[in-house]
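The first chain written gets the first letter, and so on, giving A, B, C and D; residue counts start at 1 in each chain.
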Amino acid sequence: MIIQLTSTVTTPEKETILQQVKDLGYKHTEVTTQRGHYIIGIGKAEFDIRRLGHLKGIADIHRVSDDYKLVSRKWKVGKTVVDLGDGVVIGDGSLAVMAGPCSIENEAQVQGVIEHLVGNGVRIMRGGVFKPRSSPYAFRGLGIDGLKMWYAQARKAGIKIISEVMQVSQIAEMHDYVDVFQVGARNTQNFNLLDELGKVDKAVMIKRGISGTIEELLYSAEYVFAAGNEKLILCERGIRTYEKASRNTMDINAIPILKEKTHLPVVADPSHGIGIREFVAPVALATVMAGADGVIYETHQEPEKAASDGQQTLDFEESARLIGQLRRAHALLREF
Amino acid sequence: MIIQLTSTVTTPEKETILQQVKDLGYKHTEVTTQRGHYIIGIGKAEFDIRRLGHLKGIADIHRVSDDYKLVSRKWKVGKTVVDLGDGVVIGDGSLAVMAGPCSIENEAQVQGVIEHLVGNGVRIMRGGVFKPRSSPYAFRGLGIDGLKMWYAQARKAGIKIISEVMQVSQIAEMHDYVDVFQVGARNTQNFNLLDELGKVDKAVMIKRGISGTIEELLYSAEYVFAAGNEKLILCERGIRTYEKASRNTMDINAIPILKEKTHLPVVADPSHGIGIREFVAPVALATVMAGADGVIYETHQEPEKAASDGQQTLDFEESARLIGQLRRAHALLREF
Amino acid sequence: MIIQLTSTVTTPEKETILQQVKDLGYKHTEVTTQRGHYIIGIGKAEFDIRRLGHLKGIADIHRVSDDYKLVSRKWKVGKTVVDLGDGVVIGDGSLAVMAGPCSIENEAQVQGVIEHLVGNGVRIMRGGVFKPRSSPYAFRGLGIDGLKMWYAQARKAGIKIISEVMQVSQIAEMHDYVDVFQVGARNTQNFNLLDELGKVDKAVMIKRGISGTIEELLYSAEYVFAAGNEKLILCERGIRTYEKASRNTMDINAIPILKEKTHLPVVADPSHGIGIREFVAPVALATVMAGADGVIYETHQEPEKAASDGQQTLDFEESARLIGQLRRAHALLREF
Amino acid sequence: MIIQLTSTVTTPEKETILQQVKDLGYKHTEVTTQRGHYIIGIGKAEFDIRRLGHLKGIADIHRVSDDYKLVSRKWKVGKTVVDLGDGVVIGDGSLAVMAGPCSIENEAQVQGVIEHLVGNGVRIMRGGVFKPRSSPYAFRGLGIDGLKMWYAQARKAGIKIISEVMQVSQIAEMHDYVDVFQVGARNTQNFNLLDELGKVDKAVMIKRGISGTIEELLYSAEYVFAAGNEKLILCERGIRTYEKASRNTMDINAIPILKEKTHLPVVADPSHGIGIREFVAPVALATVMAGADGVIYETHQEPEKAASDGQQTLDFEESARLIGQLRRAHALLREF
């Protein structure tokens, strides 16, 4: 059960509501986000919803049988729109394109990517400064100084930044220099990180776990929402299967399924989804046709020399061609 | 190594060639198909290809390092086109649409489906008369009589038939009443069946195994080709993974990968790929955008009453809408 | 619902029973095996079992809610014992050891293996004469002549034979020369083959599919049983997963789960289960400790020179040591 | 390359060594643990090992081609023994038994479990105070106060504590109250957590990721070791597969494979590995027979009333019986 409170609810009104919720045999959690104030009732009691509906301070009540509630479309049919400011919006029916290198490497690289994006009308740049690496001996990214350098250039060009946060202590450090915190596939169930990202008023994009289920992804989003942050984006990036001809198996099914289950925007990462440069474009196009609200992929001026993920990174010519195709595919889909 | 022989090769010429192949340390297999006569050399010897190239009776020689050879694009760059006659062609750059019920049930059903297909310009009808079922107590299909009834109606309407063959003894029975033999996902590695289908001059569509690799699918096609039948089509139909929100996980990656590895046409089965009626359309569109040469899906006048697979079957209205969208998506892709 | 008929049931009695079954809203199948005569009722009707119980000709009635019925322990609590004759028995509480080469290669090889088995008190020899191979160019086995040669030697030594049957036409060919027909992992859902094996009075061992579920394996056994053959053995041989450090992932869980769900004997194949020679022994011991009724593994006088599967094949010294350990582990388990 | 330095190495000697390592084209990392001082050379240069071997300050040099180095058995053949004090040791050839509830619930529960363990000679108790839960609305554990209560009782009884740490900030909080930090399956690749656990002089047990590879588990251990902590234990706890008859698929293969690849102790968690109470015992016995150095499982006085994981938790009677069987199986294995 989700009870949306009015913005003018008084403390005594809220207490009356909570008492009723308890009397009905529900446990409850209060959630206050940028956009609303909710009481989540956890329990299975059957009752006459009118016993609550007449109380003062209640804007609306919804029964939600899913175990994830706040992110469910059973409660909120309208799509969540994530506004990054300056006219950059995800989930409003337009196609969000996010591109950039796997790792931020140096100033010249960043400058080159920004020029490429600006030249192609792309407003969001991806890039890693804290890199999760299987081996402790691999390159782990430029860190916070790299992020500040990147930020300085991106702001001048009107480009928004999405970058991975790996641990709680990085949230404050990164806060002023990112527009979207990315939660990586190895951290999808890092619940403390999710809790803390719920306390921040910045957008958060959660990648599906390496072998996470669709339901687990929704639960992870519920963590952030329930801790106070509604500015959420989900990302399908391929799952681990027995098939070794590709890096991961892009779960194209997840896109229509997620869009049916949740009101949050759903974007796709074809670079990790297939992991082979020459096939990134067809997979990207497929995800748009399956209904993705956006695409995030890797591009670099010289993929062969990229510090990481070169094998799945497009050069600027390939990237420019793909952007044009994605937009035409998206325009066609909107006609359907 | 693949040696293509000329159509006028003489017996003594061939013997000379085979002797040379043996002298080079290769084992060999002779393959005669509808379209050519080949000698396949199995081995790893390094040699000067000119030692063979000058021999009489040889049209061309190709080194092929893949373990599947005849189906590899390393040998044959041009796409294989499968012609079913009467202008119905798969793999020529057009989009092949194949639709119909999971099971053939009765005359009225068949008639209804045919009218739907004809009305929407679809020329190939799918349907099962021999149904592989996990449980021995489930409906196993109408059998050969159902096929004959179906054939009679389809011929009148100019519709081609694709239907699953489950065992060697059915090949002869079914031969005159099908245009494409379908090998189901449980029979992808039924090697005896593949061998026998190699001896038939009818098209064969091989579905990927329930958890088959892309490579295994190519090997299975190699069996049919090496036994004499080049009229081959591959079908991606989803794989078994841990994710249970969909029936299977449609491996969208497999489409561009297969098209790069083989010259055979590649079609997609979104009905089994996701298994949920309301999501068949977005997945179908995605496969076209990823480059599929065709789409095969389930439709029925009353999906709720279908003898099998109703939960993933489109009604005629949904089917008609999808056909139009698929064609527009395919037309867009051809512009890229 | 399973109705066991008495051995003296008369035709009129059976007709009365069948009429009652129909009246209760059940579809039915009659099953006659080597050991009994059953009527299987398919349906979900709730009824008072006493309406049937008093009828003449009925030995016993069982409700079975599983979709597989005849192989379920809900019907038959006592374990099925498969008797191969001459004192060789599987499923009676003893540990069945089956060993031998992947492929039967020649007379000297067979003779060597038989001596090794006899010397270690092993009574069942495995070996392939029809080999399923991914590639059409690989060695496909010696065929029926190899089987006859093997049979001649095995009979003299009192050794029983288990060998894979790949297609219906081989059943008659092989019948007189095998003691157990093995259904391989690629044929677990070759339903026509299962149906035909149900008509034979020889033991059948069904391997779990390459990525088959436990439930599918039980259904496959139900096919054979429902077609008339109760002499069934199930075999866990590892499943396909994302993990590539081993050939397959031995599903140790399947052993206690299968033994709880079915009355059929369950054996384990550690050779395919892990696929790495040096680790076959610990995995074999683990399966015995988990409750397997037997173990089937690959051994060869010179694994390095084996025609197939050499990398997972034990030499005779390793094999002899393992046999001793397996028996001691099994003896310990019986004390628990 | 791993260079072990002598305990008396001087700063100038070390500088000379590092200069040589650089000259050979290697990047290097210095590692100082409780037990030694190492230089790790990362690179692929081929060189004459004698160019380094004669330098002062070097105790030993090893080429290690694996990407994980410090945890590899190619460097250190002898097994790592983790000593928890008071005679409680893991990895010395004895069988370590660790048991306890999923969640620490209250004083009476803890007292009951401790009595059960003491009565059966078990010295290590498991239990969660910080619980990772898919849903934000589920019970998340008693927290640090629960740990202190538990610690007070365990110390009196001579029982060691293993408990899960979920984030960096908990390390300091928990430090004085645990004997082994457990890294859970959702945190196996939480690299910041691993880094910080490398700075602590307490044993760490790393569980394999929910769908982690064996190699990834070794890399995760390398993180902790490379950050300074050699007191490491690995834990196989089942992986996620398509099979839904069990909670996870216990990867029995991982046990002999890990023991061959690493010198670290390997324990098994049959409770999560199968997830079904009645089958925990056979799976536990199997893992011991496969060579596990220990077993960790869930037990509770009243599994039906446990706050979490009741369906896979043994009662004390089952637990006592299992402990006896595990010891007998382990004793038998040591005779082989």
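Note that a residue touches a chain if its C-beta (ideal position, glycine included) is under 8 Å from a C-beta of that chain, and two chains touch if they have at least 3 such contacts.
As the structure is a computational prediction, the values presented were derived from the model and not from experiment.
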| item | value |
| --- | --- |
| Common touching chains of chain D and chain B | A, C |
| Which of A-B and A-C has more C-beta contact pairs | A-B |
| Euclidean distance of C-alpha centroids - chain B vs chain C, Å | 33 |
| Centre-of-Cα separation between chain C and chain A, whole angstrom | 50 |
| Between chain A and chain B, centroid-to-centroid distance (C-alpha), Å | 39 |
| Touching two or more other chains - residue numbers and ranges from chain B | 211, 215, 240-242, 244 |
| Arrangement of touching chains [line / ring / star / complete / other] | complete |
| Of chain D, residues touching chain A in the complex | 27, 29, 40, 42, 67-68, 132-137, 166-169, 186-187, 189-193, 195, 209-211, 215-216, 219, 222-223, 226-227, 240 |
| Residue ranges of chain A touching chain C (in the complex, touch as defined) | 211, 240-242, 244 |
| Contacting residues of chain B [partner chain A, same complex] | 211, 213-215, 238-239, 241-246, 249-257, 260, 273-274, 276, 278-279, 282-283, 285-291, 325, 328-329, 332-333, 335-336 |
